[in-house]
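Each of the next two complexes has chain A plus one more chain, namely chain B in the first and chain C in the second.
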Partner chain A sequence: MTEALELKSRLKDKGVFLAGGTDLVVGVAKGRLSVEHWIDLSGVPGLSYVREEGEELAIGPLATHAMLERSAFAPALAQAARTVGGPAIRNRGTIAGNLGTASPAGDVSVALLALDARIALVGSHGSRSVPIRDFFVGPGKTRIAHDELIQEVRIRRSADSAFLKLGKRQSVAIALVSAAVVRQRDGRVAIALGSVGPTPLRAARAEAHLALAGLAPEAIGEAASLVRAEVTPIDDHRASAEYRRAVSGVLVRRLLEQLAASSKPESPARA
Partner chain B sequence: MIGSTPEAAGQAERSWSLSFTVNGERHELAIQPERTLLEVLREDLHLTGTKGACLEGECGSCIVLVDGVPQNSCLILAPQMEGREVVTIEGLADGTVLDPVQRAFVDHGAVQCGFCTPGVVLSTKALLAGNPHPTYDEVRRGLEGNICRCTGYMKVLAAALAAARAGVADDASGQADRPRP
Partner chain C sequence: MSDIRVSEAAPTSGAPVGRSATRSDARDKVTGKTAYGGDRAVSQECLHAHVLRAAHPHAIVRRIETGPALADPDVVAVFTGKDVPGTNLHGMIRRDQELLATSRVRYCGDAVALVVARTRQAAERASKLVVVDYEPLPGVFTIAEALAPDAAAIHPEGNILGRQRIRKGDALAAMAEADVVVETEFSTQSVDHAFLDTEAGVAYLEGEVLTIEAAGQWVHEEARLLALALGLPFERVRIIQPPTGGAFGGREDLGIQLYLGLAALLTGQRVELAYSRAESMIARHKRHPIHIRYRFGARRDGTLVAAVVEVQADEGAYASTGKAVLRKAASHATGPYRVPNVHVDVTGVFTNNNPTGAMRGFGASQIAIAYEGAMDKLAAALGMDRVELRRRNLLLPGDAVTTSQILPVVSAQECMSAALERIGWEGRSYETPAPHLKRGYGLSVVCFGLGYGDGFPDASRARVRFTDGDRLEVYTGAVEVGQGLVQMAAQVAAQAVGVTIDRVDVILADTARTPEAGSSSATRQTFFTGSAVRKAGVELRHQLLDIVGTLLPVHPDELDLADDACFERADPTRRVPLSAILQEGRRRGYPLEAEAIFEPRTICQDDAGQSVRAFVTYLFASHAAEVLVDVETGEVQVQRIVAVHDLGKAINPLAAEGQIEGGVVQGIGMALMEEVVRQRGRLLNPNFTDYIVPTAMDVPEIIPVILENPDPIGPFGARGVGEPPLIGTPPAILGAIHDAIGVQIGQTPATAERVWRALQQAPGR
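Now for the complex of A and B:
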């Protein structure tokens, strides 16, 4: 790790960190990207972990989607990891790489945004922690400085969470829209969406409404319509902005209904 | 760690020494570091069973096992395989005796043009290693990263399920007839 950071501060923009390569190697193959020097992290021992530490989950820089898929710590995270690519992609693609790519469609990135993850960055001048809300700057752009890398991602335990994604087919499909909701232990509800703006985004107005109105059916309906107004999707070859807007409302409504059903104390154990 | 010194930057040909195991055999190669595992397997080791089609992770025809785990060899830069164990389709049969998964694919007519077959067989192999008694849905999910343009998948799924049953019959626990979920 120290060697990787040292190489990076020497090579600057000419050195590119490589993890699973599921974004980078495709970028090179398609001619979108040319890399002078690779700094391969994949062989560095001890970086591939997902572990519960008390009330927190710590995700290492080489933790893969396949590893998160098996974690019961936050349902939204496991569900999001489960929708990435196919099994071989999940075996190779990392969570740090998903954040590093900073695609508005990054499934795990959307779940982590709803979960208020904190991203620990380490550089030649020490380390710092960035809240994920401040992390994404634009498509492919993050707050990672040129000499920094993602050292760890952490989330706190929440009461419940869920993730849904609509793609063109059931697997190996980029999200047309994705959404994650989280009920914190103090009752606050967070909502994040993917593929409906330049970065994964939080639906702040819908969240504020739920903070006042709770998860009653009318409040959920109102939150879904606030979400439709809040998202900023574009038309592209996969779907129109109008369709994405409508689907955003549907996904958020379904997710909030799930949260409401599971938070009723008298409700039977969920299947 | 890959990454030549800045002094070496701009040199057209960089050479990287790679030492890894393929199908149980150790190889020491001098390669250009930006080549993919797929290219090195096919062009340097002449293991042409591994196929390349989309070259961007979408189709699964290039899947090999890396330390037992299925991965797309078109997305791996060869130097990342330092010290790893790779199994390709050539590594499954024992001489002329096919692996039970291969046998099941032949018996069930799950091979047509055959281009997807090495990847599908290796995905099936890994699936059964982790879950010897998969349900139909688990097999579908396990193979969701493998595209086949010929078979329509029904025979592939039948073959994978039959291989699971054959595996059960093979193991000495004598539970071959146990009802399955």
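Now for the complex of A and C:
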């Protein structure tokens, strides 16, 4: 790791960290990106892990989507990982790469945003931790400094969570809208959405409403309409802003209904 | 047709024809051994070419400066239209497209310069240094814009490529007197062929002969068109088809062969060229986007009395095979239904979009969406069951199609009954797992005239011969593009001659070695090349029987040939092995080879679009689809599709089922997701990230059902598979959506957003 960081501070912009390569290699092949030196992280030992540490889940910088798919720690995260690309992409693509790419449509990024993940960055000047809320700056832009890389991603155990995505087909699909909801153990509910703004975003007003009103059916309906007002989608060749706005409300409502159903003590456990 | 009535053994159980034999090309394709066009390109040292495409969808080309590109030390040559030695023109029906544009570009895929360099990267890099001085012209991108009185003229004669009409009976009068009239409108989208291997190949000179290895669909016609464009005599051009990963009509127009040929001819060296996915999608023609206004008039009891159909088609920048597509849409306007009065007007207009031409379905696919949509609407208007309405109007044997051609074999009713039975129509359930999900069922019945039809010369030749090693070789100029032709030819030859399938080698698609077979398109190769191979095979069989007749004291009529042996019908234990027959035949100077041509005639439609024989034969099919629609998001999930096809005879049932399944998947794509999106002539999604085709996860259970009502002419009763599996799918899915939500979606693809919007706008919400 130290060697990788040294190389990076020496090569500066001419060196690019390579993990799964599912984004960068395609970028090079399409001529969007030209890379002089790759700093291949695949040989660095001990970076590929997903492990529970007490009440937290630690995700290593080379952990793949396929590894997260199998984790029962946070259902939303496993569900989001499962919708990324196809099996080949999930076997190669890393969680850290998904965050670093900072696509507004990043599936796992949306789940991690709802889960209040903390992102540890390491550079030649040491380590620091950035809350995911502050991490995304714009499409393709994050708080990662030029000499830093993602060292680890951590989330806390939550009471329940769920993720839904609408794409143009059942797999290998970019999200038209994606959404994740999390019920923390203190009862607070977090809502995050993807593909409806320049970065994955949190629906703060809807969250605030639920904090007061709970998960009663009327509260859920109100939260869904607050979400429709909060999102800032655009028209593009994939979908119109109007449609994305409407679907945002539908997905959040369905997710909240799931949370409400599973939080009732008499209700049977969800499959 | 007396020339095709030759004696031969009818297929029996265990016979080569009708057996689900594994395709001879399957193992190498599945294990990655097969070298496609792009694989050949990298196998030897060669020069590399790159095509510079137009920077504007419509512009005058004032000047092209190649100097800066030539200054690159890795660049060998830069060619423009002025360097092309021949006519510099190509086009399947009308030569209206320049190989390299000299004065004008009409869409973003037009080629303006060809760079040849020592590396692929250098060729691509240098193409950006070619300076083209354009004078942009106003573009025309929709049918309405093209027809506007002040529209910019894309071709000297204006923006109308052609009109096609049907006038059968007096449809306008009959419509006025009909008890019930329904009208429906559909707009279909621009669809890409999306075959797996993009255009790629090599070209080189073999002495005087310009040889091109690149995939097309009709090697002999490609050689003729290429010879004209490059100013070479036909015999100086050789085209060899490499193994090909799909075509679907997308390789019918000449393209990459021209650039490969020009580069090799003018440099004298071996040259490779491979399109990227983006270039492939930007340059190639597409399926016609069509707007259809469809009216049915019926009596109270559901009997159809009239159809009035208006079709407007976006032809894009060049003619391609557009006129034939328009004619096919017109001749199939009323599909498998008995309609005494028909009035059809089809207009094709030029725009500055991609040219439109051949794609699986060829106009019959778009019109099927309209007649089936109109049937569903008519059933609703009459308060009649959809199935009952169809049953009353479907053609019966001896009835006539749109063009008044009377068909001897009609199995429309039988196909529909089978589809209904297999999907469990009677006991269908509308239950769903959640209130926001609605279930629906759709039904389509389609017919399809195979071959070029309309009097266009349509023939296939084939040669069969025994080698000195007792192998049976079949020579055909037909191309294998994944459809299974190689196995079809082997099984037909084995059956016709009387040998085992394993003894047969099929030599395909090389203009220097194989006889002309016409194109692999129009659902025609099983029927045409299958017939030619069978005729040649039967001729060879007669030679073998003749030889045996002198070995055994039996009349040849009492002998049979099968499984590499000749035996007496009365006593099959009295037999002569094939090797002994061939040995004797060689000793006595028998040719042990035979060639045959199959050329059934058709008759061009008259001014009223009528012809007693527009097509050699018709296929019938019926699809039933079950869908779940999410009424809050508009998402459609296809649950099941039953696809019933009357193939006449399945030469290889396993392969036929595979082809049906493939067509259904392509039909799902057309119905629900595939769409080339353009903004003022520029493609916004020339890639597989945004041009959405179905994945394995989008494909439901597909139940292929094969019916076998023998064709009176086709080889062993076979007609073919080809296009109908695609044609029947979109109307069944759209009908199922209509059934689920009570709203007819008038635009393909029925994306989630379109379904959602239709629900938002539906009355009563």
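We adopt the following convention: the second predicted complex is superposed on the first by the 271 of 271 C-alpha atoms of A that agree within 3 Å, B and C clash if a C-alpha of one lies under 4 Å from a C-alpha of the other, contacts with A are read in each partner's own complex, and residues count from 1 in each chain.
As a convention for this text, a residue touches a chain if its C-beta (ideal position, glycine included) is under 8 Å from a C-beta of that chain, and two chains touch if they have at least 3 such contacts.
Here the structure is a predicted model, which means the values were calculated and not measured.
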First (chain B), second (chain C), both or neither touched by A:Arg32: neither
Touched partner set for A:Ala4, first chain B, second chain C, both or neither: first
Chain B versus chain C as contact partner of A:Lys168, first or second or both or neither: second
Contacts of A:Val250 with chain B and chain C, given as first, second, both or neither: second
Which superposed partner A:Ser240 touches (first chain B, second chain C, both, neither): second
Partner chain in contact with A:Gly21 - chain B first, chain C second, else both or neither: first
First, second, both or neither for A:Ala88, with chain B first and chain C second: first
Chain B and chain C footprints on chain A, overlapping residues: 86, 170-172
Chain B - residues contacting chain A, complex: 1-4, 6, 9, 33-34, 36, 55-58, 60, 63, 69-72, 74-77, 79-80, 82-83, 123, 127, 141-142, 144-146
Residues of chain A that touch chain C when the two form their complex: 86, 166, 168-174, 176, 237-240, 243, 246-247, 250
Complex contact set, residues of chain C against chain A: 632-633, 635, 637, 673, 677, 679, 684-685, 689-690, 692, 694-698, 751-753, 756-757
Chain A residues within the chain B interface of the complex: 3-4, 7, 10-11, 14-15, 18, 20-22, 25-26, 28-30, 35-40, 42-44, 85-89, 91-92, 170-172
